[in-house]
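The first chain written gets the first letter, and so on, giving A, B, C, D and E; residue counts start at 1 in each chain.
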Amino acid sequence: LGGGGGGSDSVKIGAVMALSGPFARTGEENQRGLEVAEDYLDGEILDSEFELIIEDGESDPNASIQAARTLVEDEDVDAIIGPVSSGNSISVMQYIKEDGQVPHLMTTASSVEARENPENCNEYGFFIWPSNRHLAPTGTQFIQDLPNHIDRDFDPSRVHYVSQDYALGQNGLELVEESMNEVGGEVTGSTLVPLGETDWSSYISEIANSEADVVTGVLTWGAAAQLMPQANSFGLPEEKVMMFNSGKPIGQFAASTMPDEVTVDGWFGTHFYNPGLDTDVNNEFQSLYNELDSSLLPNSTAGASFELMRALATVIEDSGSTATDDIISGLEGLEWDSVFGPIQFREEDHQAALNFFGGRRVASDGDATEVEVFEEYPDVIPDARCSL
Amino acid sequence: MLEIPLITTENFITYALNGLSRGMIIFLVASGLSLIFGLIGLINFAHGAMLALGGYGTYVVIQATGNFWLGLVISVVLVAVLGLALERKVLYWIYDEPLLGFLSTFGIGLVIEEALAVYFGSRSYTVPSPLPESVQVLGVSYPSYRLFVILVGAVVALGIGLILVKTRLGLEIHATANMQPTAEILGVDTARIYTITFVLGTALAALAGALTAPITSMYPTIGLDYITMAFLVIIVGGMGSFKGSFVVSMIVGQIIAFGWLVLSPTYVRILVFAAAMVFILYKPRGFFGKAEVHE
Amino acid sequence: MLSVEGLTKKFDSVVAVDDVDMELRSGEIHGLIGPNGAGKTTTVNLITGELTPTSGTIEFDGTDLVGRSPSAIARQGIGRSFQVVQYFPEMTVRKHLRLAVRDSTETVRSVFNRQEDYGPQIREVAERVHLEDDLDTVAKNLAHGKKRFLDIAMVLGMDSRVILFDEPAAGLNQSETDEVKAILENLRGEYTVLIVEHDVDLVRSISDRITVLHNGSVLTTDTPENVVENPQVKEVYLGE
Amino acid sequence: MSELLTVEDLNAFYGDSQVLFDVSIELGTNDVVGIFGRNGMGKTTLLNSLVNRIDRKTGTVTYRGQDVSAWSPHEIVREGIAYVPEEREIYPALSVRENLELAMTSDIGDDAREERIQNVFTQFERLGERQEQRGGTLSGGEQQMLAIGRALVTDPDLLLLDEPTEGLAPAIIDDVVDILESLVTGDRAVLIAEQNINRMLPLIDRGYMIQTGRIVEEGDSDHLSDEAIHDKYLTV
Amino acid sequence: MSDRLSDVRGFVRGLPRRPLLAVGVLLLLAVPFLFPSQSDLATEALIFGLFAISVDIVLGYAGLLSLAPAAFFGLGSYTVAKLVVDYGQSFWLGFPLAIVLALVLALVVGYVPIKRRIGNVYFVLFTLAFGAIVHDFTFVTTWLTGGSDGLGFFGPPEVLGIDLGGNTEYYYFTLVTVAIVGYGLYLLIKSDYGDILHATRQNELRMRYLGYDTNRELMIAWLVSAAVSAFAGAVYVGLVGIASPSLVSFALTGDVIIWIIVGGTGTLLGPFGAAIGLVFVQELLQNLWQGGYRLLLGILFVVFVFVLPDGLMGLLRDEE
């Protein structure tokens, strides 16, 4: 394995965050998670101040690569956290694999392309976010379990798929089709909304007229912020069971400025972060988060980068070294208690194993996010598909 | 592969209303642009930023008072005042240079959007709908806020259309736009006409922003997603033809509302842009524009 | 040399040019006069390709010009000046003439041209219109009369055989008008000239033949002496 | 004779170059006055200065006792002045009728407006035939008629005409001169800039001769019809 | 203020030109040695400089404001990336192909608007729509362009035993290509063709009646511009190793317009210098005020449009 800045005095960690462009909202929360982690660690690793250098990846693969390059080649960082989306992450992964060669901890990259394509996944990369192959079957399973929790007559074996018309949405569709087939159901139709679309009325009509009773899919925060209020105004959740993966809508309300008036009735989701989880680390995470000047609530996106930073600190503290090899071997198989509950970086493919649940957001009265958990899904991580 | 599904009357009405409300929103954005562009000849690229300001202004007032209508009025007035200041202090002397006009409004728009991004962050804000209920129209249930938007669009269209066609102000706007020094010696206070037109156009952008806020969510560059379409609409409708931008907005709204039945939505959008481009080529003066003028 | 037959141009309901037959003989100076709106400018625009005729033919040296672009027609050897002088305000007189003199069809080869090429031709043309001392003046700074001359010089420089002048003396004072007249006289025999002009004295004194248009149709084509005496022309145009 | 317009020590500039030098003229309420001079001597500039259509000027222009030097053009013309510019400046996209409508301020009643328009159509039949045609498609001469018509509909107290016969066919010039004759007999003041002095002499009460921006001669028709003056200032 | 300006002007004019040029060239040659950590950035700056020049030819000389330059830049990047990543072809094959594709696309897009002389304002909006289509298209056609993931990752090949993948090597490669292409454009513009464009801008009617096929002349400028933009995009993708939607985005178009205005339209050298300067300024500012760069850039741009519409070159050039 290659270099890494083992020799320098203080620990240097680089982050590529989407601070502008379509994923800026995710990037902002990722960054906030890092700030919380700095507070949490008192700014120190190995008893001396560590340096956190954040570069803007502009929500774009090419800018992300450039940012990573600057971090590795000019700043000589010991590890990189980020960037956000799969597309951006893939470009950085390829760069790390070929040239960069430092530990690379990704925040929300979830596409199959990033996680399973042997050209992309590599020995340097670690993933804390569940992959789409995680999300789709769990969501499908939850849909099958939903009739036990909803007092409505509907057929969980037929779903309509909704997402945005780009890689994430296109990939998600295939996976949902696959997992629906596995449970003997089907995807009866799909709506892929153009990027940058602000008026969703036609698509809502399409969804309303779909054959299926259940609507599912993956949404970015931006898309969810468009879909939810507009669908509510058309009364869509009264006609269809709305169940989305990837923390929408459960996390959505926490991490956006969705007003209270946007009703949550009829919206369901699967997620791995329960804000109500009563553990030391989650309580501290939440209180540090709330001290920051943010109108938002603690959420999984901030939690992800928070935990990546913690994991790095733990590994460096344990081995006393910032050498690339030492960090990677430390991370492999690392188990710890996170804001998501118990979690582990699997040795075979560097994917995090964590537990899921299905439920819904309920209207809250304070700043705490209330989540009603219907079902728990531990051990849903699929077999390793990428050998490093 | 194209497949044309059968649709029921109810669906048809819902789709048509979708198209109508979408068309009206496009029109609200386009109407201000059309005034400023069609009549002053200025490609006002800051229009999108004004729209965003209208939306954010409404959001801020709602945060403070909880009242949407107050937010709407205040933000439209404030943006109009900003438009007044811009026109009086900055833009008035570049009207006869379209390229410079485009560039300066491009710069001003950039500054406003980036300032919004720095201040509010790039996350989006959702504004609650002031009319959350649905009502029955023509046998289907439809969100009343969208019907309200349709109504406002229609009133704006009619009101401004009448001003342009029936009033002396309309004639003076035309005269000033085409040959300002001549309008002056015919007794037209052209400085006032420029100001009125620009401020009115800007206020319409803010109105569009405030009205769309409860439908969509606000983010700093939201304007860019609207104005490309709005520009095409006013060109296809015919430079300076208010009627044209109205009719074309309605057509585009309906195309998108029904287009997904036969084609994937992204391609519908691409198709609309492409069709508009072809149209510009074959009829640069647009649907309702007048024929080429010789010297 | 150049002949039009049955030339007609309709704008919506207005028939601006109505079945006009006209022939320019090689080397002659031909006047084209008529009341305002008679169709003179439109005729010139039709010949030069600015407008496409509704019907009729325009034949030049045995080829049909209808449907060709203005630049193609100009390259065939038909030059024109405009009712309102047309020039490049920010360029020097020398550059104007250089653009006129050089081969207008070549672009890329011009990379290898040198500054001093075309010098003699430019000087020769400038001298014809008395602009030789203004070669380095930027055109917008020229007096109005000299702008006129510059316009004419460009046409001469591009080596046309037929030149169409649309009101070359408009806006000129007497001495300038006389200068224009001298320049035009100078062209006789060398070029075939069509001149549209309201200064009847000017047209009469230099034209070999004059065509009178009225309401888009040819009233008469004749020698200057006969045209001025023609009662119809007097009635509709000269107004005596 | 009561004063309508007084110009004192007018200097006018385009950029750095001065075009008018210390020009002073005056005009009574019913005066018909000519400004004569060769091309480029400053006639148009003088008229433009009166209504403030110029980059920069010094000196005072007094109209009906008010100093209007710093007023904007529309404010000045609203005091009862009509201007027929040299370039005609017809609105190409507006119809003949709309061009006329535009010149009349909104305080004129509908009947009066229509009557004035019809008057113009009687004076220029050709315009009447083409009232819905767009200004830009009129021929040069037709545009000149429209420009004059556009001044007449305002029923001005002072009419400024800049070379009303330029670019017109001789027959039309006769018509225009006829119209001017009918105008000058009315109770309004007229200021005409012209090169074509002989046509104008019968019409005017007084005239000024302008030479490179300076008034060099002033007097009545008789005085100005002097061949010597013509030779000196008009021919070459 | 204007005193200060004329001081600057006087100073600059007083400087001997040739030695200044020599210093500039030496500086460019020495970048990898003087600032080894900045050579990537310097490479990017040079490429954007060339891109700015290519766009200046249509905007500054032909007078056509296109809002789609990024489409051609991106086309160059995507062509190379597609060949290398999906078809495993040679990196070099991408260059001629990129240029050919750009020429074809430019011809298709520009032919009718230029031929019909749809007018400046319409041309602006026409290209705005075209840019929007290309951007949307790049996102949807994942099978062709990789959608939002882009097409990557790859490095430039070895030539004559030199591995262009190294920062220094690629810098010199870029320097040489930019110098050659840039000088070629300079020659073209300084020749009679520059005058033809200049004159056409001022009075197209007159040019046509001088026998010039002005449509053809404008078309040539448009094609040259598109080809050079695509070429710049192709060089660029070798640097970053991935083609992604940001390369066809409106933001990039906005940037190139800003560079041109700040540098001075129709001066070639101005936009070139401004692009290079602003790329470095961006890097500097980004470390000082995260997110504020574009705001400052916007303010800078507005200041230039209103106060110095002739750009930096206008500031330095002699006044008549």
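By definition in this document, a residue touches a chain if its C-beta (ideal position, glycine included) is under 8 Å from a C-beta of that chain, and two chains touch if they have at least 3 such contacts.
Composition by chain, UniProt nomenclature: B, E = Branched-chain amino acid ABC transporter permease; C, D = ABC transporter ATP-binding protein.
These figures come from a predicted structure and were not determined experimentally.
*Asks:* From chain B, what is the lowest number of touch steps before chain D is reached?
*Replies:* 1
*Asks:* Expressed in steps between touching chains, what is the minimal separation of chain D and chain E?
*Replies:* So the least number of steps between the two chains is 2.
*Asks:* Could you put a whole-Å number on the gap between the CA centroids of chain A and chain E?
*Replies:* 37
*Asks:* Determine the centre-to-centre distance between chain B and chain C, using the mean Cα coordinates as centres, and give it in whole Å.
*Replies:* Spacing between the chain centres: roughly 48 Å.
*Asks:* So what's the Cα centroid distance for chain B and chain E, whole Å?
*Replies:* 32
*Asks:* Taking each residue of chain C in turn, which ones touch at least two of the other chains?
*Replies:* none
*Asks:* Would you mind listing the residues of chain D that make contact with two or more other chains?
*Replies:* Answer for chain D, listing residues that touch two or more other chains: 137.
*Asks:* Multi-chain contacts only, two chains or more: what residues does chain E have there?
*Replies:* 136, 139-140, 291, 294
*Asks:* Spell out the residues on chain E that touch chain B in their complex, using ranges where they run on.
*Replies:* Interface residues on the chain E side: 65, 112-113, 116, 118-122, 124-126, 128-130, 132-133, 136-137, 139-140, 250, 254, 257, 261, 291-292, 294-295, 297-299, 301-302, 305-306, 309.
*Asks:* Which residues of chain E touch chain A in the complex?
*Replies:* My answer: residues 37, 40, 44, 136, 139-140, 142, 146-150, 152-153, 155, 167, 240-247, 249, 286, 290-291, 294.
*Asks:* Please name which positions on chain C make contact with chain D in the complex.
*Replies:* 11, 14, 34-38, 41, 83, 143-145, 167, 170-176, 178, 198, 200, 236-239
*Asks:* Using the touch definition from the top, list the residues of chain A that touch chain E in their complex.
*Replies:* 19-21, 54-56, 58, 60-63, 65-66, 69-70, 73-74, 85-87, 90-91, 94-95, 98-99, 111, 113, 165-168, 170, 194-195
*Asks:* Chain B touches which residues of chain D in the complex?
*Replies:* These residues of chain D touch chain B: 51, 53, 72-75, 77-78, 83, 85, 89, 91-94, 98, 101-103, 105-106, 134, 136-137, 150, 154.
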